[in-house]
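Quick one: the structure is below, and I'll ask about it shortly.
By letter and in written order, the chains are A, B, C, D, E and F; residue numbering begins at 1 in each of them.
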Amino acid sequence: MIYWNSFGDFIAMGGYGFYVWGSFGLTVAIMAIEPVLVGRRLKNTQARLKRQLRAESRKETA
Amino acid sequence: MLAAEQLACVRGERRLFANVGFRLDGGELLYLQGRNGAGKTSLLRMLIGLLPPEAGQILWRGQDIHEQIDEYRAELCYLGHHNAIKEELTPLENLLLSARLADETLSEDDALDALEQVGLAGREDLACKYLSQGQKRRVALARLVKERRALWVLDEPFVALDVAAVAWLAGIISGHLQRGGLAVMTTHQPVDIPAGTVRELRLG
Amino acid sequence: MLAAEQLACVRGERRLFANVGFRLDGGELLYLQGRNGAGKTSLLRMLIGLLPPEAGQILWRGQDIHEQIDEYRAELCYLGHHNAIKEELTPLENLLLSARLADETLSEDDALDALEQVGLAGREDLACKYLSQGQKRRVALARLVKERRALWVLDEPFVALDVAAVAWLAGIISGHLQRGGLAVMTTHQPVDIPAGTVRELRLG
Amino acid sequence: MLKIIAAVIGRDLKLALRRQADIVSALFFFIIVVSLFPLGVGPEPDLLRKLAPGVLWVAALLATMLSLPRLFADDHRDGTLEQLALAPHPLGLAVTGKVFAHWLVSGLPLALLAPVLGLQFDLPTDALLVLTGSLLLGTPALSGIGAIGAALTLGLRGGGILLSLLVLPLYIPVLIFGAGAVDATVAGLGGEGHLSLLAALTFAALGFAPWASAAALKIALE
Amino acid sequence: MLKIIAAVIGRDLKLALRRQADIVSALFFFIIVVSLFPLGVGPEPDLLRKLAPGVLWVAALLATMLSLPRLFADDHRDGTLEQLALAPHPLGLAVTGKVFAHWLVSGLPLALLAPVLGLQFDLPTDALLVLTGSLLLGTPALSGIGAIGAALTLGLRGGGILLSLLVLPLYIPVLIFGAGAVDATVAGLGGEGHLSLLAALTFAALGFAPWASAAALKIALE
Amino acid sequence: MKDRFNLYRFASPATFYPLAGRMIPWFAAFAALFGLAGLYLGMLVAPTDFQQGEGYRIIFIHVPASWMSMFIYLVMAFWAAIGLAFNTRLSGMMAQALAPTGALMAFLSLWTGALWGKPMWGAWWVWDARLTSELILLFLYIGYMALVAAIDDPRRADKAGGLLLLVGVVNIPIIYFSVQWWNTLHQGSSVNLTKSSMAVTMLWGMLLMAFCFWSYAIAVALARVRSILLERERHTDWVKAELLGVGDGERA
């Protein structure tokens, strides 16, 4: 099934390695980083709001 | 004639007020009060239909203003923080143009007469940029002299006016009320309006 | 300490006033009056050295202010029509920055304290663009709380303030006078300043 | 309906005439930008002739764009816009008047000046004619589309540059067909096809833009 | 002396970071204007390569220029400028700080982005380097000269377009040497001569501009 | 009155926030699954292209990214239209949550296209209609984000941004049909339902990758809309309940 004869061939991509891996590399990088950033933003927001809301409710009860 | 029911206002993310209501009939003045940031200007902008209320409705002659917005506006005169005058034009040109754009008819004689009443006689032909802050305000107020629309909405009309001009404006508003007009007004300065019924509404 | 002699002012092509003079000593307040367009703001801008007088001179501790402009300005605090605050910054940042740019030292604690006094406690960390007109004015006024410069020049400081804030500011000005400071002020609203000698000067 | 449009046009023209500096500066900006290119690119006539349609059109775009922030800003600041919105007729009509007045003051003079500048680039006469025609046909679309951008960015800090960010991408079709018409004429192919597409664009923009701008203005006035 | 300059720079950078949209929009304006030319001129790579230095430099000029009106306008409108003028140190120092902050926010990013755009025009590598270098050297002069124009037109209606009218002619030497350096490199002649002239221009501008601007500001504040 | 209640409930932030939270893992899993399958087919199994050599494999990213860049814009425009017509709070937030991902997709389309163009056409970039209009699409995304960021009042931002989205939507057909309208370097559409000129494995690889990008975009946008929801609605009772784990406002 597998089309490639060797791993080296796979990396070389018939001489187009730079272009192919440049495309795939950046895409994979972006698709790895964006979710992390988004997830972090969500976590941060949740934590910050939690802190604020706690402080507020403490103020109210006080 | 003008009624507001259960109005609520949210600006940015803050709820400024909720459940505000009032009724106002001919010859009555609504005097809107409240500390800085209470939402007076916001309420006025709801009344003139520029700011959609978060909740509640505003009725004019028993009907929601947004269902008859052009008819409503033909009976409305609003004067905001800004003077709505063009610095390059003379007071006379400004007065005539603002009438034309508001779809009113105002003859040149009437306009000259109005300018004389606000104490700008002799300056009708000077571009407004040469007038002082208070004089510019007077040009804006000159609109009211010949204004016969039923509802006046005035946001801090007395700002920048000297004592003489304040008294004059109070007289103009009284006249409007006596003719059976309605007015809604905000101001931080206490001012005496000699005629008409004054209702107060305090926000916040 | 502050004296003006035979000042004259021409703006555009109009002579606003001529032969205006006064003397002001420690503990005294000069209350500048006049109808709209009389030239009050123009006179204040002369006093702070931004507008060169057409004729006459302004003396500080007996010497022309333009001969000692940096020294004079180190003793001067001016508050104009505009608030001189940045909408993107918080009240606290604004206060600290304006002190830094004016070459004053202001600790963060002092700044927080000042903000509390003007009734902005709890909003120190909110960007100023979210404040109402009156609240912004209060941020600007917070500068005065810790201000120990000798001469205060205030152009319509009470505009846009509600009743509570007006009383507070009058108190702050009294305190300044009691400490032997000088103040020059304009306003169309009559306001009671409880302490110090009040001199009046009427233009036009 | 026509009464109010005419009133707005009359007012805006009167204001523009009172401060002629505006009209003159837009024209001079156009001239200067066009003249910058020979300075940056070098003086070869062949190169310049090829450049000319693109440069003239891009400069016209930029000159129009620079005058856009003020289309509504003055009226907004001094409260006139509020009064227009409160008048008992649809705001779109008033905006139509303003767009038309803007074109009279900015687009029309550009189109009339362009052939003179085209001469500097050694364009042949038929290309000059098509250049003027394409500008006459295309600049109303620039005013119309620009009005939407101006309304969307009204009152925002940094509005000018944000405005160009929003508007320039939408100007690109106008630019392509406008400059394309001149290019085609220079190449001897005849620019009619481009010109009719340009006319279609302008019609669409003028029909649609005032109402979109009015909607954006109402949002800005809240 | 340095304290006040540093305070002004710190404040302006803080403000710029709070509204990053500004920086980003200026950059995108640059990109868009650069992209407009091929659309107007046509896609031939040879022609485009010849155009590239001129187009990139003109676009940098225009992008800088568009951000100029706000250099003092915000401070003027909210009264901060008055307070700066009333501070007990020369106004020129504060202006120096503002000019430097303006460059950090507008000129520097442009210079760093330019090589990427140069690639779109198929410029060779050494030309790309010289392009970046010339922009790094030249843009401070643009900020400095621009500050004078911004101060002179402060508070005038239609200031934006008037400003460009004043400033663009003064930018021409910078443009000629800047684009010239790149042109010379593309032609294989070496751009050092142009670059050193550019450096001289920048030094002169930075020494002189803050004080001229301060004088103009004082006039505007009367 | 009743159906209005339902409509609002459907778009109600309080119900949507937890729902989105539950959907995210699913779409993330789909994305990973389709991605692995697509890469396996595309990179390991599919044979070479006799014209373009191995360089053609960029297609497995280029085409899905290009499609998504256009599709996301259409979805944003759809939400904008809903928001302007029915004044629903959620629509504007959805549009804002999608924009960065859409811009990234447009950027990836440009990036992979440029890396493809260098070996195939000998230039990183040519000023051809499709490439140019894709670039404009990126500008439209950036313009939208800049406009929304410049407006402080979130609801004004939603409305103004929505209007801009609707105005800009004319660009999408231009991109899509540009290769047919203008004679350009860029190749035309080769995927169509009746006859496909591509090898079956290539086609499947591309479709799987497209599904991967699609699921990915949904997952990321949902996560982003959750933060936006929290920030916007931080004063409401449901956020309090959600974050502090207490009952709803009536109890408090």
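One rule holds in what follows: a residue touches a chain if its C-beta (ideal position, glycine included) is under 8 Å from a C-beta of that chain, and two chains touch if they have at least 3 such contacts.
These numbers come from a predicted model, not from an experiment.
Shared contact partners of subunit A and subunit E, listed by label, are F.
In a view that ignores subunit F, the other chains are joined by touching into A | B, C, D, E. A centroid comparison over C-alpha atoms places A as the chain most distant from subunit B.
Inter-chain contacts peak for the pair D-E.
Measuring from the averaged C-alpha position of subunit C to that of subunit F gives a distance of 55 Å. One finds 33 Å separating the Cα centroids of subunit D and subunit F.
The mean-CA centres of subunit A and subunit D are about 43 angstrom from one another, to the nearest whole unit.
With centres taken as mean Cα positions, subunit F sits 36 Å from subunit E. Touching two or more other chains at once is no residue of subunit A. Each of residues 12, 14, 87 in subunit B touches at least two other chains.
Shared interface positions of subunit F, i.e. residues touching 2 or more other chains, are given as 132, 139, 142-143, 146, 150, 152-153, 234. Interface of subunit B with subunit C (complex): residues 12, 14, 34-38, 130-135, 137-138, 159-165, 188-189.
Against subunit D, in their complex, subunit F makes its touches with residues 132, 136, 139-140, 142-143, 146-147, 150-151, 153, 156, 159-160, 163-164, 166-168, 171, 174. Residues of subunit F touching subunit A in their complex: 28, 43-48, 53-55, 57-58, 61-62, 65, 100-101, 104, 108, 111-112, 115-116, 118-119, 216, 219-220, 223-224, 226-227, 230-231, 234, 239-240, 243-244. Residues 1-4, 10, 13-16, 19-20, 22-24, 26-27, 30-31, 34-35, 38-39, 41-42, 45-46, 49-50, 52-54, 57 of subunit A are the ones that touch subunit F when the two sit in their complex.
Note for the complex: subunit E touches subunit D at residues 19, 21-22, 25-26, 28-29, 32-33, 36-37, 39-42, 47, 50-51, 53-55, 57-58, 61-62, 66-67, 69-70, 74, 157-158, 160-162, 164-165, 168-169, 172, 175-176, 179, 183.
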